[in-house]
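Each chain gets a letter, A, B, C and D, in the order it is written, and its residues are counted from 1.
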Amino acid sequence: MDAILLQILNGLDKGSAYALIALGLTLIFGTLGVVNFAHGALFMLGAFCAVTLNRILTLSHEVVDETRTDFLGNPLKVDVPYVYDILGEAAGNAVIDWSVPLAILFSIPIMIGVGYAMERGLIKHFYKRPHADQILVTFGLAIVLQEIIKYFFGANPIPTPAPAAFAGSFDFGAMLGFDPNTIIYPYWRLVYFAFAMIIIAAVFAFLQFTTFGMVVRAGMADRETVGLLGIDIDKRFTVMFAIAAVVAGLAGVMYGPINAPNYHMGMDFLVLSFVVVVVGGMGSLPGAVLAGFLLGILESFASMAGVLEVLPGINQIIIYLVAITILLTRPRGLMGRKGVMED
Amino acid sequence: MGILEVKGVGKNFGGLKALSDVNLSVQENTVHAIIGPNGAGKSTLLNCLVGKLIPDTGSVMFDGQSVLGRKPHEINQMGISRVFQTPEIFGDLTVMENVLIPCFAKRDGAFELNAISAVSGQNDMKEKAEGILRDVNMLDKRNMHAAAMSRGDKRRLEMAMCLVQEPRMLLLDEPTAGMARADTNNTIDLLKEIKEQRDITIAIIEHDMHVVFSLADRITVLAQGTPLVEDLPENIKGHPKVREAYLGEAH
Amino acid sequence: MFGLDAKDTRLVLIVAVLTMLAPFILNPFPEGSELAQFNAGYPDLMQRFVIFGIFAIGFNILFGLTGYLSFGHAAFLGVGSYAAIWMMKLLTMNVVPAIFMAIVIAGIFSLFVGWISLRRTGIYFSILTLAFAQMSFALAYSVLTPLTGGETGLQPKMADPRILDGSLAEGTTPRANLFGLQMSSSYELSVGGWLFTFNAGYYLAAVVMLIAFYISIRIFRSPFGMMLRAIKCNQQRLNYTGLNSKPYTLAAFVISGMYAGLAGGLMVAMDTQVGPERMFWTASGEVVLMTILGGAGTLIGPVLGAGMIKYMENIISKINSTILHEWFYWMPDGLEDFVVAMIYPFIGKGWHLTLGIMFMLVVIFLPGGLVEGGQRIARLFGKGKKAETDEGGTKPSSTPAE
Amino acid sequence: MSKSDISRRGVLRTGAAVGAGLATPTIFTSQVWGGGHTGFTNAPQGDTVTLGFNVPQSGAYADEGADELRAYELAVEHLNGGGDGGMLNTFSSKTIDGTGILGKKVEYVTGDTQTKSDAARASARSMIEKDGAIMITGGSSSGVAVAVQALCQEAGVIFMAGLTHSNDTTGKDKKANGFRHFFNSYMSGAALAPVLAKAYGTDRKAYHLTADYNWGYTTQEAVQTSTEALGWETVNNVLTPLTQTDFSSYIAPVLQSGADVLVLNHYGGNMVNSLTNAVQFGLRDKMVNDKNFEIIVPLYSRLMAKGAGANVKGIFGSTNWHWSLAQGFTTPDGTEVAPDAGSAAFVKSFGEKYGFPPSQAAHTCYCQTLLYADAVNRAGSFNPCAVGEALKDFEFDGLGNGPTLYRGDDHQCFKDVLVVRGKENPTSEFDLLEVVEVTPVSQVTYDASIFGGDLGTCNPGA
């Protein structure tokens, strides 16, 4: 029982990352009709916003420590961040410690800029082109973006720890009356889950309750009609692209402490996020979120030792099995509309 | 006994009754028109005839054989060809290829792995295709991309694609919808020609009364998913029930 | 000739001449010269050109004609490879049964995958094929290790049964051969500073590719090919014309799966080793890129695209900073460092970046791929002559492929 | 490498090419991979010899590959008489005199393995077929090593493995033309177990998470066998997919199982992520069975450990070599380890050239290059069979690991193994690990037959 509870919890948390990425992907697909293979790269860029901010905050000058030696036997040069000089060591440390949450603010303008530039500079010209062209050009863009990041940051993962206040884990078991240590969950992952819920709620509220959102939703349902109403839907779609970029970026920023960012983390998520979107139903926002959580939970169950004993290797293929099953039984995914992406 | 016998056909969409107890008998080598106001169920009925939809109740027999549960291509192979409201052609292919495809379908059936012989070497097929293009006055456009043609030409091409299969029955779904008067008249002339020159049964769904009364041998009026009257054109013209159905619907 | 019209015959002949003379064409620079770096006329790369050419030609039969975008074709290549290596381990090092079995097994597997995946269209079809391929990869890498060798893959071993072969002489390793002719054997021709290599394996692969290319032309020009193009264009009309599109797409899927299997079998014949990465989704993506880069739906495009990508992967990636410095040694020191620093990110380990930029440029400016580029150039130079608009009619320009 | 050197070389090469172009066109044919007259593949002609450095330059192990390449460049420099000579000064065999190999100047070509066996073989084949490489070396995974080793066997060149840790490389997939300096899973297990028993007691329950592929299997098995021999119990072993990035669902149930030790049989990106996740779950703050919960990473890579940041602190693992050997240190149990001259020479020469200490991958690649050059010199021939014979049962010292044996039965090096632990107070970003114990070679030696496989006979090319 506690094992199942734990995996549900875990699945929700995993699913929240999937849902966030799939949400952004669906926003772009649903509004602009563009299959964006560079979406994973946007997620990766977000994570590297956090890395960059951390780098900026830890910009240092060297102080020679005569008492210790470096690997060559020379006096050790210790890096002292400039922040220490400005704020003092304690406050400086606190700022560096909180660099990931701070990166949320840092990343928003950057991701808006990236999203805007991408849409105006490239994607815009591909609205009328076949999906295969869109896939190819965005795939090319994804390669270019990740190679640029690799050029500056290297191929290895870069640790971006969460603030020390969120270290360790919360004991749900003790709270629910199970034995202690049976259901524990890291604080930061709980933060991520809450954060994802807030973002998802914010996106839905934005689409549901603002006029801007209403027009966009109408545009998603029937672009031509909205165009006929004399509304400049293109401008709004640019904004939506920027929003999708921000959603992907924020998902990446907060993901840093969970898995140390590296340049190919976007590609790692790409296939998975497309599976999520398709299982949810192309173009359906609630579908994307639902499928994200569903796949997260099923993946967690499939990784249980008991399950693996019965079905070895099921953890390798569960996502794809689910995708095949759902697509065969529900042709357009869980909540997809007819006629979307079927040609 | 007609070539097409529709008996007691009903179709529901969710709670909505689209068709109920439709009976229809189309006689061989006649033109039978099905008219009715918008939402009367004309398209639903047509879709039931060609295999796109399966009715909930009733039977549809073509030449003594049931068409129900058969796929569109099987129904076509039985001898029913369909013309769409907006011409459905192969836009990326040439006019000639557009006509060759039904020729092969007629000769080889629904599937034939004919992957080695060249299309250009099939002289009998080519002659047949050229013949039908000549009939519809399109031989000079044979190498054109189908998508690049005018709407009227597309309609004629689609007709040619159907006729080249020498179907026993042609189903037309508002063939003149959205056409200019001149094009409509051309289409009427084309259909008249077809009717006169070939042994063919035509069922036509139409909004345009001019078209209907120029062509039809018999007319069925459909309203709210059920046949109102079936009669000769001259009797339909003044029929009070028909007038009621149309006036009720019309503005 | 060969049941083809004049234009297609000319194309086949051009391709045949280019492939047969590839050892010369691909080695334009003398040994030891600075530009020898760009020579591609060594057996491994020439083999890869034609093998990936076959893979892309097959993929094009499905994608180029029917428009069904499969994202899992690498799985068939991988399955074909495994089938081939098992034939070599169990039966004989002769490549004929290996290649034959690769085609058969890949055909059966693609029949299964296609039968299920073709129930859906559009991106749903793509995801289904992707799912099957990723499952194949994941299982081959892990739980199927006894069958696939897992991470380290499979190679012929001394201890394999090879029931049709006699026992190996002491001190020799099992080698792939065609009735005794070893695939790795080559003849070198040295003319002045030039060195040309004629490799048995390459010529086998090249002949197979020519046959595969010829068959693909026949398919393109056949009623079957016409039906496939009709499916891409308007599936509804096709169904109402009395044709069942399902078996057509399935047949196209299986044929292209068999092409992939053939490519996989040939890969093993040329280089007797199989690893599961061959089936990873990026490998499936690669063949999509090759086809679109060269020109989907054209005859020669996929081969050009395959050549282009393999050239980048094998030649550009090997240029390192030392070589760059050698090229630009004649410049003033400061300038030399600057030029090298400017070029360095794009070559050697940065070849992925160049590849990405090239995809983008081609897709943005040449939606029809390299074939369209070739046509544009041809039109530029041949304004006076009759304009050749037919796809596939264009001659490969300066691309280093066949 | 000084720049003027390159320029001069550029002139020479161009000159040579022009000369060759002007020569009377002589046409001759010969069977390749045989080189007719010489009897072996790619016999060096002229006054240079070409080595092929096949390392991952793209993909997840690109940084490791870059470090390997640095080491190779350094080794070439030293072989050609440049720089300070590095470990040539400490190497017990003194045949290398700064004039290249057998008097031929060493040149090299590089390629990208992409950490994929297909790409690695393609790259290696191009080096052999196009560039005339006489020896291939490098790589940073066992899949690649096994694939390239088999290729070299077929082609008739020597393969000097880079970083490859699976038992298979010199076990069931061993080849007569392939040689490995790096240690393996078995040695990691054998070296780690006693240290673990000493640190954590013999009454422990271990939970294994294992990468679901060959290397993972062999490592897990090695650690399980050697720890169980000392009294540990293995509670569970769960296989994780290679492509997994978030290990939370595998780590979450660990505490419920009653285990008090978690063994992460992961490498590279998998290791960084699983370790980060495990620490995130606060496992190391927990008490289970009245013992402090512990985590173990059997194979450490400093480059990768950097990605895990502070999470490695206090975590045991093993490594082939570590730069701190250069300085000497005191292990936690008070044993004084004197500075190792070979390591010192290598760290100095590498550190001064590149500004940071070399990784274990760099070390093994550097050693392999020197060992190859020395073997050729001793054999007096580039013929792979002669070189193999020279390497067989070769005993040497001064390459950073103390006295070492290249065992002839499986072409595996036997030397001391380092058991390391993540450092609590690192002084720099390179100072992440501290050596806890230098496990003597006798403790990690095994019988060559236990992993099966067959070396076959050496192949000099057709």
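Things to note:
Convention: contacts are C-beta pairs under 8 Å (C-beta built on N, C-alpha and C of every residue); 3 or more make two chains touch, one makes a residue touch a chain.
Here the structure is a predicted model, which is why all the values come from computation and not from measurement.
C-beta contact counts were set side by side for A-D and C-D; C-D has more. Distance from chain C peaks, on a Cα-centroid basis, for B. Averaging C-alpha coordinates per chain places the centre of chain A 35 Å away from that of chain D.
In this assembly, the C-alpha centroid of chain A lies 52 Å from the C-alpha centroid of chain B. Each chain gets one centre point, the mean of its Cα atoms, and the points for chain C and chain D are 33 Å apart. Separating the centre of chain B from that of chain D, both taken as means of CA atoms, is a distance of 74 Å. Multi-chain contact residues of chain C, defined as those touching 2 or more other chains: 138, 141-143, 352. Residue positions of chain D with contacts to 2 or more other chains are 58, 62, 212, 239, 241, 243. Counting partner chains per residue, chain A has residues 312-313, 316 touching two or more of them. Screening every pair of chains for touch gives A-C, A-D, B-C, C-D.
If you check the complex, the residues on chain A that touch chain D are 2-3, 6-7, 9-11, 13-14, 17, 68-73, 76, 78, 150, 154-159, 161, 167-169, 181-182, 184-186, 188-189, 257-260, 262, 264-265, 268-269, 299-300, 303-305, 308, 312-313, 315-316. Of all residues in chain A, only 35, 122, 125, 129, 131-133, 135-137, 139-144, 147-148, 151, 267, 271, 274-275, 278, 282, 312-313, 316-317, 319-321, 323-324, 327-328, 331-333, 341-343 touch chain C in the complex they form.
Chain C makes touch with chain B in their complex at residues 3-5, 218-219, 221-227, 229-230, 232-234, 236-245, 247-248, 251, 255. Within the complex, the chain C residues that touch chain D are 30-34, 36, 39, 42-45, 48, 138, 141-143, 145, 150-153, 155, 157-159, 170-173, 175, 182, 184-193, 197, 199, 267, 271-273, 275, 277-278, 313-314, 317-318, 320, 322, 325-327, 329-330, 333, 348-349, 351-352.
Interface residues of chain C, counted against chain A in their complex, comprise 63, 67, 69, 116, 119-124, 127-128, 130-132, 134-135, 138-139, 141-143, 281-282, 285, 288-289, 292-293, 296, 345, 350, 352-353, 355-360, 363-364, 367.
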